[in-house]
Amino acid sequence: MRSYRLVGTCPDKVGIVARIAGFIAEQGGSIIGANQYEDTETRMFYMRYEVDAGSLDMDAEDFRAAFAPVARDLDMDWRLTESRRPQRVVLMVSKLDHCLADLLHLWRSGDIDFDPVCVISNHEDLRPLVEWHGVPYHCVQVPPDGEGKQAAFEETSRLIREAAPDTIVLARYMQILPPWLCAEYPNRIINIHHSFLPSFVGARPYHQAFQRGVKLTGATCHYVTEELDAGPIIEQDVIRIRHHDTVEDLVRLGKEVEKTVLARGLRYHLEDRVLVQGNKTVVFS
Amino acid sequence: MRSYRLVGTCPDKVGIVARIAGFIAEQGGSIIGANQYEDTETRMFYMRYEVDAGSLDMDAEDFRAAFAPVARDLDMDWRLTESRRPQRVVLMVSKLDHCLADLLHLWRSGDIDFDPVCVISNHEDLRPLVEWHGVPYHCVQVPPDGEGKQAAFEETSRLIREAAPDTIVLARYMQILPPWLCAEYPNRIINIHHSFLPSFVGARPYHQAFQRGVKLTGATCHYVTEELDAGPIIEQDVIRIRHHDTVEDLVRLGKEVEKTVLARGLRYHLEDRVLVQGNKTVVFS
Amino acid sequence: MRSYRLVGTCPDKVGIVARIAGFIAEQGGSIIGANQYEDTETRMFYMRYEVDAGSLDMDAEDFRAAFAPVARDLDMDWRLTESRRPQRVVLMVSKLDHCLADLLHLWRSGDIDFDPVCVISNHEDLRPLVEWHGVPYHCVQVPPDGEGKQAAFEETSRLIREAAPDTIVLARYMQILPPWLCAEYPNRIINIHHSFLPSFVGARPYHQAFQRGVKLTGATCHYVTEELDAGPIIEQDVIRIRHHDTVEDLVRLGKEVEKTVLARGLRYHLEDRVLVQGNKTVVFS
Amino acid sequence: MRSYRLVGTCPDKVGIVARIAGFIAEQGGSIIGANQYEDTETRMFYMRYEVDAGSLDMDAEDFRAAFAPVARDLDMDWRLTESRRPQRVVLMVSKLDHCLADLLHLWRSGDIDFDPVCVISNHEDLRPLVEWHGVPYHCVQVPPDGEGKQAAFEETSRLIREAAPDTIVLARYMQILPPWLCAEYPNRIINIHHSFLPSFVGARPYHQAFQRGVKLTGATCHYVTEELDAGPIIEQDVIRIRHHDTVEDLVRLGKEVEKTVLARGLRYHLEDRVLVQGNKTVVFS
């Protein structure tokens, strides 16, 4: 079913749902999914309405034009997206391909809906896999430091700009993006971190987890902000580990969680189910 | 926060949410929680609205009177409940007290809100525990069969009627209620079954699970209907078991899941989050 | 680390562990993993010893010859395998490729160790994927019934025999193998069933689960026996579903569990961690 | 079944299992459970053998005397305990009783085996509950600071000493024990911390979790050391939370995990399944 998704945030007050639902009903719109959340602490209102596109006499542009005055009245930060226009996604990866391979498989089998514009990597290793899927592959090697590194990220940035993505996914891209690059795509860069944040921020989280002797290891899907591993969390999960598990076992077990958590978080994001609320997220799952 | 919960089901059509939310807004009602579900297969609409009672000028009776014409228009099956009027609950139990003790503890600590009118058991064993909590205890022994059994259930039925419960909880009451008694309280009797239904219906499910060699054992909280262990499922969960676990271990591990699942399912029910849909449930958790 | 795995079952009695461990110590063997299980009900003993191959002066053949008299004394059913000789595995599949793609990816990335001799399918669909991985692909179409069907399974059987597999994996092969074919590979054919057995045996388990309104859906990895979906269970897991999930959602969510459960179960099997005990399994995980 | 548990750690070398199992066999001992773990990194060996006491001609004292020379040879740190001599346990608690009530219930119903010598609290609140269970209750109020605080902990220490416990359980005892008191009972004080450590160390972990916007909240059962919330972890688990959950919801959901994790961790400890390995634990579950 083709649908429109009306997603927005505004200060809470009496009558918002009536106003929104009233507007949709006036257009003859059939609601096929509705979520609201009233944050009683911040007095903010979050919503996601999914409307059967076939029940409306207008296209998305007209819908937007008609809704704009309502949104203005409500002081609402909003967007309207179309389910049939899959998001353009740039995937970034280093050498470990478990997340990338899983996303490409889910995409190809139709289990997750997006348009993989290209893959950018700092290594050549995964070119055959990606090109077999018919997806363009760009390799930009990132030198350890200095001018070369700056140049590499400028080239990366240029490639991203050309791809004009809605969303960028760091599917185990083992480089830290420079702040200026993060700042260009706020709440549009999604990272998978291989620990249960805020535990084990930074490098080698499985080694950290092994050292601490935790009994579960996890993964965290979050939006990238300028502060490392500190952005709004979209999704997390864990898996049980045992005393006889080595760091290598943790890595292996963790991969299972990483790919699941990233796929789940990305799906929420692509279906416009995630609204950022300060450094947290509202997820209408 | 004192609230009203408006819960209902009606045939789906354009404009229902607008109508409901519009009505609430007209009364000045501040919505603090809203859930809808549109079943595209059966074309039915399910909803739960929670409204800040302090934002309304009317009491529950007036609210009901005002809403009745709206509901009539929508052909809606509905109810309005008050968060501050906890449901009257009759708890039934045999000898195993893990579920009962957990519910009484949750009630006493304020973690789950209901009014435990009385406990009815077919044994005397749990009287001290129940009476320590200040809850009346009735023992009605149920003979294995025949007239005595019928009489016992009539006495049980009389005690229940006197207690005038909103909800009856079978917290490991090891007797099968007669159909006529089930029929008196449709969707108001909640049972905890000690397996992951529909696996292992009937007697001794842990023995059945042990024989089959499953790797997880579970528990199911469901509404009681005339057909044994076949009513609408409210909540389920499982716990991992290992080859070295004996039937006794399964019983012990299962208790942990049973009490959790029953408490969770009962909470959903008491907070009016469960709507029955044929032999299934909509749970606005 | 190269290792030998000594796996066996015998009637329980005093001194077995001493005998086994004594034998290993006499050869200078360094134990790197040891599991035992004494079933107090059947009075049977199950064991798995993993020995550092580098610590022994003998090769596997000599080890077997030396151990044979000990095993005879203990009336033990046993085998010795070498970690560095990965099992030969035939993968069978129909059209749904989530399990197959996951296994091939895990194999290629070294996360699970086996030798994928070939893939046999009753459709051509997955040939490109499989051949990209460099694995031979055989397509044997299976007519609905009658002589053609018999002939197809004879051809399938011939292909399997030629492949000389240690293990056959039905990675969503949507045909029921004939009993005579099952009987040729006892405890060596592994199936993934897309429900939490014994719930929803047979066809279309996700539809059955949807109809029953369960709150979790699952997957079961088990050895194939002549009775459909009734063989010894190796591994199971579940995932939570919600009232708004359609059958299609169940299928999608279920795929995530299916591939995880099959990969986990297959790993246990390939690492000689699974011992069949009647219609159950001992899993030294 | 009455059993002895032989638990120990020593440097790894060839022949340890043969030596231990050989010793047990010489006494005619029937092994009903055996776990070993060889840490390849530290080259240490950990073991737990459970022997049917009825199969031996000797009592525990004789067993210990006979085993001592073997242990000396192996340079083993060991102990032998008797399943029929439940550990003496002192329970400490403040006002929140969910963990305490659960443990007392499990104890009374025979689901966990220990001898609750007494409860020590810094408040009077839980006296009725504890005394109803027939367990002595001591209240030692702990002033915020200074000499009074020191005196309170000396009195607490005196009460503990009198109780002569094997194990002390901090079942939500909201005071930090002074280092000198921790040092008296190494690896014998068990705490339940209401977060998934190492996330949210210290005070008000649920508030910290709420602020960070995590999607799972957890609990950690660990041995108390002089460094706050940094001791060896015995057991952990998590529960899913949603954006609409308030801090109060987190507290409520967390209680469910806390009591489960503490009961599970304590059971492992009481059954001598936990061996401390530096700042980590080996858990033979």
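By letter and in written order, the chains are A, B, C and D; residue numbering begins at 1 in each of them.
Here is the rule we use: contacts are C-beta pairs under 8 Å (C-beta built on N, C-alpha and C of every residue); 3 or more make two chains touch, one makes a residue touch a chain.
The chain lineup, named per UniProt: A, B, C, D = Formyltetrahydrofolate deformylase.
Bear in mind that the values here come from a model prediction, so they are computed numbers and not experimental data.
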item	value
Copy pair chain B, chain D: interface residue numbering same or different (half cut)	same
Approximate Å spacing (C-alpha centroids) for the pair chain B, chain D	36
Distance between the centres, which are taken as Cα means, of chain D and chain A, whole angstrom	41
Sites on chain D at which at least two other chains make contact	33, 40, 244
Topology of the chain contact graph, where touching chains are joined (line, ring, star, complete, other)	complete
Chain A residues within the chain D interface of the complex	37, 40-41, 196-200, 212-216, 218, 232-238, 242-244, 246, 277, 279-283
Touching residues (chain side chain A, partner chain C) in the complex	33, 97-98, 101-102, 105, 109, 111, 132, 244, 252, 255-256, 260, 263
Interface residues, chain B side, partner chain A - complex	1, 14-22, 24-25, 28-34, 36, 38, 40, 55
